[in-house]
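These are the structures, in structure tokens.
Both complexes below contain chain A, partnered by chain B and then by chain C.
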Partner chain A sequence: MTEVGASAVPAVEVTGAGKVFNPGTTRQVDALVAIDLHVGPGEFVSLIGPSGCGKSTLLRLVANLIEPTSGSVRVNGKPAPQARLDQEYGMAFQQAGLFEWRSVVKNVELPLELKGWDKGPRRQRAMEMLQLVKLGDFAEHRPWQLSGGMQQRVAIARALAAHPPLLLMDEPFGALDEMTREHMQAELLRICGETGTSVLFVTHSIPEAVYLSDRVVVMSPRPGQITTVVPVDLGSDRDLDTREDARFFEKVTEVREALRGHEVDELELARGIGDV
Partner chain B sequence: MARRGSAIRKTLLFVLALVAAAAAWELYKAIGPEDGGSILGWKLLPRANDVSMPHVWDVSARLLDDESRTSKRPIWRVVLSGAWYSFRLALLGFLVGTAVGVALATVMARFGIVKRGLLPYLVISQTVPMIALAPLVVSWGGKLHLGSWEWPKWLSVAVLGAFLAFFPVAVGTLRGLESASATSIELMRSFAASGVQTMRKLRFPSAVPFVVPALRLAAAASVIGVVVAEISTGLRGGIGRLIIEYARQASGDPPKVYAAVVGAAVLGLAMAGLVTVFDLVMMRRRPPAEELT
Partner chain C sequence: MTVRRLLWAVIPPLVFGVVFIGLWELAIAVFDWKPYFLPRPTKIWGQFTDNIDLVRSSATVSGGNALVGLLVGTVLGVGVSFLLMRFRLLNDMVNPLAVAVNAVPIIVLVSVFSNMFSVTSEVPRRLMATLVVYFIVLVNVAKGLRQVDRAHLELLRSYAASPVQVLVKARIPNAVPYLFTALKISAPAAVITAFVAEYFGGSQNGLGSRITSNTTANTAAAWAYVLGACLLGLTFYLVSIALESITTPKRGASPGGGTTT
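The block that comes next holds the complex of A and B.
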């Protein structure tokens, strides 16, 4: 996994990053505090934590869609703004965000179009990507003719289209049924294995995080921070049986307890206050 | 195909509405007071006599008659050629107004400072009465000489049509350009799209559903602008002038002025039809209304 060479530059390096929204107003939110996050080349890292703990915010910091209030963010060895301009990453957002005036295949072509690709190769790549997410037959449909899960898959195809070295994914499989979800997970692992793509992946599903990741980063809210990092290492030959493995369950339990940790704290705190 | 079905239904409804309007007219004529009437002392009820409200069939018959004893052309041809003349001016005004409106909206959407500075003046511009503006534009135009070319009066009329048409387009397009969701804008940013790319591939397409109704308003405004400007500048050849001329003869030949009004209505319909074609072309790939939520 850890080859030495040009690709030894970390895919993501966040040091001491914080984000405060609306500072100095009554609506001030300390969304992230003192975040240190490292994603190695080819590594798959998941972010998990309760709703509102700042997972999307952290992803958007890495994508340079927002600026950190403090600390630094580097992507593939470059400062985040430069990395964005150089298209070092592809992003799949929490909402599919397809353009309703474009056909499905044209939506997937969008990033390639913006990069100035010619029509022929563009269409070919977009079709490959659609086949990958099993939507080849829907290329000429309009987004609004697709179900929510299908739209989400188009968004994933769009994020993958330019073969970026880093993928930023915000709950990309949230709207999918279990079977499609498992298929997409396997495909994602296959793509990353073949191309050496690094992934920073936000999810609410503990089994999904454990199954996909090399490391699971557990976050807690108010203010958003990283509480635990669980190394998983189920091996690169994961398949459907992996999910029935004792090691798998062990890790699922570990992540669950890390997540529950501060929940218990809060409960006890509440009880303590109640007793007084 | 559902759209074609609804087009047929719309046409039917339109014809039905026309018949209903004619029937209402005749009904009022039959039961309304000959010399008008008052409700609670207010003189509200229009006169139902033949001078004020000629029969629908009299107006129709008058359309087929000769214009006057001296002019042997049937009125419908005179009215139609007047409407055609005004239509071309209104169309020119509409196109110029639309181009100006879209350009202004684009600049305002791109530069917030231009928007804050300009928008109030655009609103004020629409409160200037046409009647006051028309002679001004004509006299400004009269002072323009480009070599041997002289500013014709009909151009002033088209400009006044454009003056009314640009406003709804500017406001509608501006709203449309600003309607792109925050998510879509972030998406374009994540693709490192330039400002121009974001404009072309995201903001303009997002604006289309807002521009289409704005064009409808602009079409109506350009017709009104042209007809009023024809009257107040005294331009001959258009429907505005005909209405004035025939109105002078109204006491002796009441159906005649209504024949001209029919011409104005045809003109309005032609513009509306044009915009509907626009609408169908521009919205053909959009979700049908009920799925827009």
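The block that comes next holds the complex of A and C.
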């Protein structure tokens, strides 16, 4: 797709991974079983599935915030723990998780600060990122002075700040209004296109997954597993018109069918596909 | 806007205070209460101004004891809470104990301390205030250092932050409001402890001992020292609030997590 940052090494390589919480107790949960997931360099992959199917858990395995019970996780060709130490990824969680004692711009600076950047370049990069998420005027505000959606945008700016080769995002646009959401989706695609960043993206929205992704990975719960992978060949220059494209709707239907467990009744289909 | 809010905060209690003192004065005239039962506010004020030098010097003694206790107790409390955070086992042993100690009136220990030092020594009183402050600060700061938002810890882990960086970027800033809460509780507590410790004997130089020595002979004078004690306690409290407001941004003064732009 792009030359910059593109290499033969896969961004994410999960092989036969499983995660059991509280093993051997009555609260044992098989959160994930036999997960095989591949994210190529510069590729955008979405995880979609009903609540509790293990999307966040899978993301946290890749981020090495938790260890797999079985199988292996590699990021940019390195074992997950090493990749985390080498800061191979940036992460945006379901909750913004901003530090309330820091100003907005200082929140965005944090990952750079920990990497040992000097004050000048740090501030400059953080301001660029804030402009990107259209919050340049709020740099000196405190997080609690921002709405939930604005806080989430700060968290995205923070995840992007160090220009990591891989982005791990857990429903980052969930708290945004439709207009901001579409703007952020377009921006994310633009940034990733320009920088060759690979993305593993969790969402609940079928149109969002289809619009953003090269591939949509459909998961099902109890135990959490991957049921279908839907390739989305809509090309790399997607814009607002893409959402009106017939092939876009085809893909939305395909993902929805996969989510329903393949049994789609004709009536439901006839009722239309726009009402997600 | 803020001036108006300030007025709204000050005027109602002020009006209440004036009315209360007026009723007090009136009740004594109407019911003919004897001065040894309850002296007139005007009389107390007279005693207060007449003895202002003595009130001031006694307040310096009691206030000094409270201040020493507050400073030493805070330093010790903060220091030990860092140790507790570092060593989990130690925390599990000490923390429940500290919580329990906060719930009992350890002021009674002052008579034990008095036996350990000479009669005129201020050390037992300072020790007592230190101990009271120490436990309040310890419990609160230890909580602040430990109860860090899980999302913050995960984020720092994803940045491969070292334990020292986690301490500096997350734990310590998180504990700062807890420290100020502890100071707001322990500043008045230190003053009260300093007064009450004087009730248990020793030199007759502080506000507490002047209250006890005047209760029978000159009730109005005793009340004048009570007034001094109130003012001293209030001063400690106000200073701790002022410290808090200049060091931490005022959260309540700004819009919440709504949709304000």
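In this text, the second predicted complex is superposed on the first by the 256 of 276 C-alpha atoms of A that agree within 3 Å, B and C clash if a C-alpha of one lies under 4 Å from a C-alpha of the other, contacts with A are read in each partner's own complex, and residues count from 1 in each chain.
Assume contacts are C-beta pairs under 8 Å (C-beta built on N, C-alpha and C of every residue); 3 or more make two chains touch, one makes a residue touch a chain.
Note that the structure is a prediction, hence the values are computed from the model and not measured.
Placing chain B and chain C on a common chain A by superposition gives a clash between them. Once the two complexes are laid over each other on the shared chain, residue contacts for A:93 go to chain B and to chain C alike.
Residue contacts after overlaying the shared chain place A:147 against chain C, while chain B stays out of touching range. Of the two partners chain B and chain C, more residues of chain A are touched by C.
In the superposition on chain A, contact of A:101 is made with both chain B and chain C.
On chain A, the surface touched by chain B in one complex and the surface touched by chain C in the other have residues 60, 63, 65, 84-87, 89, 91, 93, 95, 97, 99-101, 110-111, 113-114, 142, 144 in common. Remark: chain C residues 149, 151-152, 154-161, 165, 169-170, 173-174, 176, 248-249, 251, 254-261 touch chain A in the complex.
Interface of chain A with chain C (complex): residues 60, 63, 65, 84-87, 89, 91, 93, 95, 97, 99-102, 110-111, 113-115, 142, 144-151. Interface of chain B with chain A (complex): residues 181, 183-184, 186-193, 197, 201-202, 205, 208, 285-287, 291. Within the complex formed with chain B, the chain A residues making contact are 60, 63, 65, 84-87, 89, 91, 93, 95, 97, 99-101, 103, 110-111, 113-114, 142, 144.
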